[in-house]
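Per-chain residue numbering starts at 1, and chain names A, B, C and D are given in the order in which the chains are listed.
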Amino acid sequence: MLIRLGYDIKFEVPNSVPIVALLNVYQSRTQDLREPDILRVEPEVKIDTYLDSFGNQCARLLAPAGELRLYNSTLIEDSGEPDAADPSAAELPVEKLPTDVLQYLLASRYCEVDLLSNTAVELFGNTSPGWGRVKAICDWVYSKVVFGYNYARSTKTALDVYTERMGVCRDFQHLAVTFCRCLNIPARYVTGYLGDIGVPIAPYPMDFSAWFEAYLGGRWWTFDARHNKPRIGRVLMAVGRDAADVAITTSFGITKLTQFTVVTDEVKQEATTTA
Amino acid sequence: MLIRLGYDIKFEVPNSVPIVALLNVYQSRTQDLREPDILRVEPEVKIDTYLDSFGNQCARLLAPAGELRLYNSTLIEDSGEPDAADPSAAELPVEKLPTDVLQYLLASRYCEVDLLSNTAVELFGNTSPGWGRVKAICDWVYSKVVFGYNYARSTKTALDVYTERMGVCRDFQHLAVTFCRCLNIPARYVTGYLGDIGVPIAPYPMDFSAWFEAYLGGRWWTFDARHNKPRIGRVLMAVGRDAADVAITTSFGITKLTQFTVVTDEVKQEATTTA
Amino acid sequence: MLIRLGYDIKFEVPNSVPIVALLNVYQSRTQDLREPDILRVEPEVKIDTYLDSFGNQCARLLAPAGELRLYNSTLIEDSGEPDAADPSAAELPVEKLPTDVLQYLLASRYCEVDLLSNTAVELFGNTSPGWGRVKAICDWVYSKVVFGYNYARSTKTALDVYTERMGVCRDFQHLAVTFCRCLNIPARYVTGYLGDIGVPIAPYPMDFSAWFEAYLGGRWWTFDARHNKPRIGRVLMAVGRDAADVAITTSFGITKLTQFTVVTDEVKQEATTTA
Amino acid sequence: MLIRLGYDIKFEVPNSVPIVALLNVYQSRTQDLREPDILRVEPEVKIDTYLDSFGNQCARLLAPAGELRLYNSTLIEDSGEPDAADPSAAELPVEKLPTDVLQYLLASRYCEVDLLSNTAVELFGNTSPGWGRVKAICDWVYSKVVFGYNYARSTKTALDVYTERMGVCRDFQHLAVTFCRCLNIPARYVTGYLGDIGVPIAPYPMDFSAWFEAYLGGRWWTFDARHNKPRIGRVLMAVGRDAADVAITTSFGITKLTQFTVVTDEVKQEATTTA
């Protein structure tokens, strides 16, 4: 399956401001690209790209005062299969985890592992370890938290989600990620494209989405406490400890978002060009 | 100046538990070592060492049930000079910062940049940028927060310190680090040895200490909102976003600390051996 | 000036649920009523009325399953004058305050006096005591907090408002009330009718409003950190420590608000009837 | 049984400061007094006494600069029986509660009913209503929270206790009170004398104690999530929504506690005098 990906984002910039953008697909998907995946900027300014410590492709630029436009359109090949699942995937004991995975056990800004550990043990301590436990966490979060766009706020943490029981996709994932870490299961927060492929009714305007990955049986697996069922066509963009690490754009000064369009459509007949 | 460094830490371990320890000197100081810097463990167990994404020398081990002892004694050469200071050190604009420094502008578990940004601007927005601003932050935190060992708690965040105005060294640094980041000055939390060299009266039993580093004029500088004056003999061990990243030991299960001794003494006549 | 007051509120009630409503004018305004002020309920159920410890006229009822409608229309005479002000009104020292006023110095659910005391002293400790200090608090809150209906959430406290700087009218008042109490000025949160009389452009649909009262010079005075200028036509309904005490309706079970209309209009030619 | 009650409390007062003290027995116990229950103050200053809205006997005074001493010794008759219990005491539906009891269902400074409601329903929603439910709450809090004097802090709320699982007696009661209110059981926080009568080993120096009362079957019953077993010799002093309402002393300015002695001893042979 081919998926057309893209975005068109505009900001009003009152004064020149440095911006970091995580708007490319993650390194694990670059081999699937069928067109170049290049962040375009108007006006044309110098863009520095670099990999951060999580392996994310980052771009930074100094936005001049005025309107700033970030946009892109690319094409990616996808398996067309729903999220992979292996209910037999086992937890690795902490001493067997790769060292670069250990950081995903720690507390972070929006994932207060220290504050929710007892609750996690009480809720999930008797579930079967491994895949079943992560699934139990997703089921719980999915059933207990109510989705609503007007419940979004940038300061909301996993504990807030636990107490308020309302949120957007990022909030569902933060709580699930935190519960996993509380139980010594490495979990990382991710963002990416998620279209409505295979979804009978897609009720919301397209946006980037957040889901999470848990480390089981020696690899990262996709989980999504917001939708809580396998989906087709996820394209990973960035990974991190939580939303603080993988903001689509981080402005170190004042900017005002004026347009935000995301495209992620299955391409049925389009002739592909090679990247 | 030569400084003898060491520690002797004991835990009761009811059941086998994986532990990560950050008990070596930081890479920036290894060339100053005059004896090997080797974490010793009783009983003897396999120790895996690795560098984490912050450049910290980490050790991990699976502690068996019973008593666990972590200890070390090493010798390091030190300038004997107080913390370096350069009041002319300037802030770099964000777009000029090295990419690996950018992460130290973000919010983290104990440093809620998002929640304290307005306060930081109100308190320090009119101070002169650069060294003077970081100094103003340290002065403020030092004068407003009351030190007390009984004010320690593992869940205390920078916002808690701001509202409660009580804490231990880690709390002073978390608040100062957060204010720096709020003002786009990269700041990282660090731990290390800090003896009482040059301090008339050293009122407390020796412990590891926390201070912080701010990135000014193209390098990291030592600051310490707890003591707020230059000190002699700091030996850096680990750096991170906040205390969650640089815990001396992280146990992924139950352990009980039964002994905790830290040594950091100036050695006047001791013959040195070469590391 | 005559003002027509009223409301028409509907709930869906899945299962019979007890409700407490504070939907009458406060005792200080009953002598101004020109029509009866009677909470009407559909379906007709028994209503118990009582005064709570704050002097609020409360009604409670057991709502049966189905649709519940609470409505009323009454007429009140108003001075037509803007909020009274006396910049010479002085603070009473705590030892001179009436005993029933002392409770309005204490911390409450949404007013964390203990957490904001240092901040209050730092921000307002040098302002002139009395009216000027309360005014300085209102000016600060008004200038620092951004109003937006989508910033409402029922769990938001004064500290949240201080850190997030966004809110609805209740949030502005909670922060101002807290600052007053931190400085030993009794302050209470109030709700009532506030129309758009004398306001050139009234941009929002009519709602009940929240403001606050500070105790100065031996009496309660109206302040409003949300609008921060004298208004005409406030009609007080309920007073309390904070929004927890003066919720318009408190349902002890599940209800769903389906309609919410508030009327508060100046009546130019209407013939009045006597209450 | 006769119990000698008393206290001897000293403060250093740098500048004249108003103080409110709740240092008398509650009105429900005045008929048991066998000696006068009079707060004595050195130096002699005017004391105003009044009942607050919870029915507490309050005293207020203006402490001059210097040392302030508050002391008292009185004698009370007690049943000598353990806390009364009636496992058949039923919950009253909210619509049957006396109106003055309704306030004990609301959220307050240290009892965030709004934040813990879902958790309360999940933990206790399936327990039998009434006495059994309150008992289940006490059992849970008692078993999950670890007692330690060094865990005390004045800003700790029920949610903090739920996440940190450490506290002093006040913290145990705040969490239990909150859970009760979440489930529509009125609960109030109380303070009083609690000696070690009938307790084999009394490990701590005598202090005032906190427990709570739940409203079941038409009256208030004593519960104590900290000790979680019936005790002999409680003497109620003050009731309120939470610790903010019933502080033993509230100073509206700076004071430093220098002595704190509480006496509550069974009197075996002492001749009684009539109050």
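Everything that follows uses one rule, which is that contacts are C-beta pairs under 8 Å (C-beta built on N, C-alpha and C of every residue); 3 or more make two chains touch, one makes a residue touch a chain.
Given the structure is predicted, the values throughout are model-derived calculations rather than measurements.
Engineer: Identify the chains in contact with subunit A as well as subunit B, in label order.
Structural biologist: C, D
Engineer: Interface check for copies subunit C and subunit D. Shared numbers divided by all numbers used: above half gives same, below half gives different; which is it?
Structural biologist: Subunit C and subunit D contact each other through largely matching residue numbers.
Engineer: Please indicate which chain is farthest from subunit A, where distance is taken between mean Cα coordinates of the chains.
Structural biologist: Computed centres place D farthest from subunit A.
Engineer: Consider the two chain pairs A-C and A-D; indicate the one with the greater count of contacting C-beta pairs.
Structural biologist: A-D is joined by more C-beta pairs in contact.
Engineer: Subunit A to subunit C: how many Å between their CA centres?
Structural biologist: Taking the mean C-alpha position of each chain, the two centres sit 42 Å apart.
Engineer: If you average the CA atoms of subunit C and of subunit D, how far apart do the two points sit, in angstrom?
Structural biologist: Measuring from centre to centre gives 31 Å for this pair.
Engineer: In angstrom, rounded to a whole number, how far apart do the mean CA points of subunit A and subunit D lie?
Structural biologist: 48
Engineer: Can you list the residues of subunit B that touch 2 or more other chains?
Structural biologist: 112, 115, 155, 163-164
Engineer: Taking the complex as given, what residues does subunit C use to touch subunit D?
Structural biologist: 18, 20, 48, 50, 52-53, 58, 60-62, 93-95, 99-100, 102-103, 105-109, 111-112, 114-115, 154-155, 184, 244-245, 250, 252
Engineer: Quick check: in the complex, which residue numbers of subunit A touch subunit C?
Structural biologist: Where subunit A meets subunit C, its residues are 150, 153, 155, 163-164.
Engineer: Give the list of subunit D residues in touch with subunit A in this complex.
Structural biologist: 112, 115-116, 118-119, 144, 159, 162-165
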